[in-house]
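One structure coming up, written as structure tokens, with questions to follow.
Chain naming follows the written order as A, B and C, and within any one chain the residues start at number 1.
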Amino acid sequence: MRHDHVITSKQLSRSDIETVLDRAAEIRDDPTAVADRHAGALLGLLFFEPSTRTKMSFETAMKRLGGDVVDMGSVESSSVKKGETLADTVRVIEGYADALVLRHPKQGAATMASEFVDVPLLNAGDGAGQHPTQTLLDLYTIRENAGLEDLTIGIMGDLKYGRTVHSLAYALSNFDAHQHFISPESLRLPREVVYDLHQEQERAQVREHESLEEILPSLDVLYVTRIQRERFPDETEYQKIAGEYQIGVDTLEAASDDLTVMHPLPRVDEIAPEVDETEHAAYFEQAHNGVPVRMALLDLLLGDEGGEDDE
Amino acid sequence: MRHDHVITSKQLSRSDIETVLDRAAEIRDDPTAVADRHAGALLGLLFFEPSTRTKMSFETAMKRLGGDVVDMGSVESSSVKKGETLADTVRVIEGYADALVLRHPKQGAATMASEFVDVPLLNAGDGAGQHPTQTLLDLYTIRENAGLEDLTIGIMGDLKYGRTVHSLAYALSNFDAHQHFISPESLRLPREVVYDLHQEQERAQVREHESLEEILPSLDVLYVTRIQRERFPDETEYQKIAGEYQIGVDTLEAASDDLTVMHPLPRVDEIAPEVDETEHAAYFEQAHNGVPVRMALLDLLLGDEGGEDDE
Amino acid sequence: MRHDHVITSKQLSRSDIETVLDRAAEIRDDPTAVADRHAGALLGLLFFEPSTRTKMSFETAMKRLGGDVVDMGSVESSSVKKGETLADTVRVIEGYADALVLRHPKQGAATMASEFVDVPLLNAGDGAGQHPTQTLLDLYTIRENAGLEDLTIGIMGDLKYGRTVHSLAYALSNFDAHQHFISPESLRLPREVVYDLHQEQERAQVREHESLEEILPSLDVLYVTRIQRERFPDETEYQKIAGEYQIGVDTLEAASDDLTVMHPLPRVDEIAPEVDETEHAAYFEQAHNGVPVRMALLDLLLGDEGGEDDE
């Protein structure tokens, strides 16, 4: 994977994914072994949209590898205000850094930008598009808690607009996952995503539901996402729908004892705070997994003596 | 003090304070001895309110110890905008860092946040509440310039709202300080603070004044704070009062030659620039002392081989 | 040059410039030789105006030398909002860092600030004033591509307000450069700059043109700057003038094969994207040269074992 760009979860083969997750597990077990591994290396951060956890997690990962970051800062304080194109911005910043991380509001921005640079570029979210490093940390969390073999997963909430969900669904099609999608009618998975999943995964078991109730007992993992108020023209409609898709301790009584509950965070009301105290809750662990997974990915991309892990 | 949270100056015993100040003096004398001491350690910065010197001073301290920081950035560019609770934010960022620094506009925020995290959390100001690391650097500056034994200090300006002043007054009650509070009637120390001081310090010598004149000649230290325009409904009233509490070189003619003038900065008109050139001025030194004092505190909290200094 | 401030390109002698450019070339050839040279050193960044490439380039330079930065952040999140003077701000931050970089909207700010601090202060742009490190990287790029001896350079665009242009013109007067200034009548070089150039450079060959056409074939370097829309009261007038000073591949057919095209970036429409693919384009290289040039300058100012390079 050395010197490649990481743009979409679709580009990642099962073998690519396993290489990253295995390396992440190694790093997690012995972080001191890599504490100086990329000393002197710089990661350029280009966030054209706000981000807390993705940005901090990349920054932490790079620093835990002995490297450092250079950050473009907010769009308001940058040359973008003066009308510079994205192609020019990435070509300039490429001269400062050994790899780049890009978040941008426009779908396709990462693909376009990657064509102008020679250093590895990692997509940290492009509008309604992809967010492949989120997917990798999701897969890592699933593997640690429930295993990726013979998995039954429910993915619930806003399935129409959530880039996290689309990235994850494509990646899971590499494994023999049974995927259940639970959402209100108006926020169903886009038809083309469903179509793609059936194409890509011969043994796909992709089913859609409007209610969690019927499927909850069979799930190994329940992946909850936020239903955004601004998707609804009417506040009453939002309240009614959001309420139906909230998870409390009572909801989970019908679930398997081993059910793992995930969420990409930030959450608002989707999961009640009481759930945090249960064995089901894996969402903070999931956020923390961003560090070893991004360390693994950066380590593989930056190469060096780590050649034997690359492909 | 290892693995404790530092939330309020009230929690610090005389012995705690002396441990930190002694360590700060050691570090100041030989900074190279600790230059790599916390290599690889990360300090998480969560500033929910603007700050220049506190934030930069923590960042400098951590880097002078060989460590690094990960910064949440401004609230505008963070997940807080999406409605995330403080409890969730600190639990996520805890996964990135070995200790956290929190500034928050709400009083009590640091106490609440500390209940959700396992790494040490340092309060860098919680609304009208506490700001204990400012107090430690104030105490360090007083000790270096006038000594903490048999101290006579005047604290002047806005004593009603200033968290710096309340933190300092509580800490000084651990030493046999004679504390004189000088302010306009409308900005006097809150009654509960005066009450607490009398409770906590058996030999307290706490007196209040409306004018500096009568007490100035007896002072070892004069600690000036800013009177904020926005506290006054009427501009004329503000001008009149602010003028009475300004310090110029002429004001200081009545003072002891050894008087030390301090200010937490930023200042506006409270101290005339001419005072900067006199031997009295200690406010820039005071700001700079933030670095060794915070280095000492971080070093004690992060522990490691430094165990013999911990308690 | 050790422990000096770097405020204006006028203060730099030919020998100073050559010292920096020679050191930059050494660093470029073997960056690993300096990768730990300033470990533990901190550079304070004070940007009172937005900047992407200057700020990131200084940050990259300091980190590539093994050092680190402490950043004041945006004015909105700093004590400046509370009415602190620049003199106070720099005196506080001086206590955190081993050198300071200052960008400020007011002309003369860097000179004033430098009088209050003991650590080296580098001017990164003061309003319509100077931007000497930009000049040094421009000179480095010229030397690498066309040589500084017997140079014929065209400088085109907004010559009235561009601080980059004024800094460069003064510096080039140290070398026997033939300088051609190409601009619309309303954006000509200020009369005092022309006067100064004639004073400082006995053999000055300073000529002004309204059109590029007549002079293009004789140029070794064409330095293009942005014509800002906001300089024109009338959009039609702007469109007409901006159009006349745009460079496309067709424009360059009349140029020497060896012509080097430079631009301080960001560009908007001044240079067509097709030019990027030609051998003429040196503007991304120019931006990247900011790193070795600023590394060289910081290395010389921070001194240490590097004494033999200092003067």
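Here, a residue touches a chain if its C-beta (ideal position, glycine included) is under 8 Å from a C-beta of that chain, and two chains touch if they have at least 3 such contacts.
This is a predicted model, so every value here is computed, not measured.
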Next item on the list: State which chains count as neighbours of subunit A and simultaneously of subunit B.
Entry: C
Next item on the list: Between subunit B and subunit C, two touching copies, which fits better, same or different residues at the interface, with half of the numbers shared as the threshold?
Entry: different
Checklist line | Computed distance of Cα centres, subunit C from subunit B, in Å | finding: 40
Next item on the list: Spell out, as numbers or ranges, the residues of subunit C touching 2 or more other chains.
Entry: 68, 74
Margin query: Quick check on the complex: what are the subunit B residues that touch subunit C?
Written below: 32, 35, 47, 50-53, 55-57, 59-60, 63-64, 66, 68, 74, 265-268, 273, 284, 287-288, 290-291
Check: Which of the residues in subunit A end up touching subunit C in this complex?
Finding: 40, 42, 44, 68, 70-74, 76-84, 87-89, 91-93, 95-97
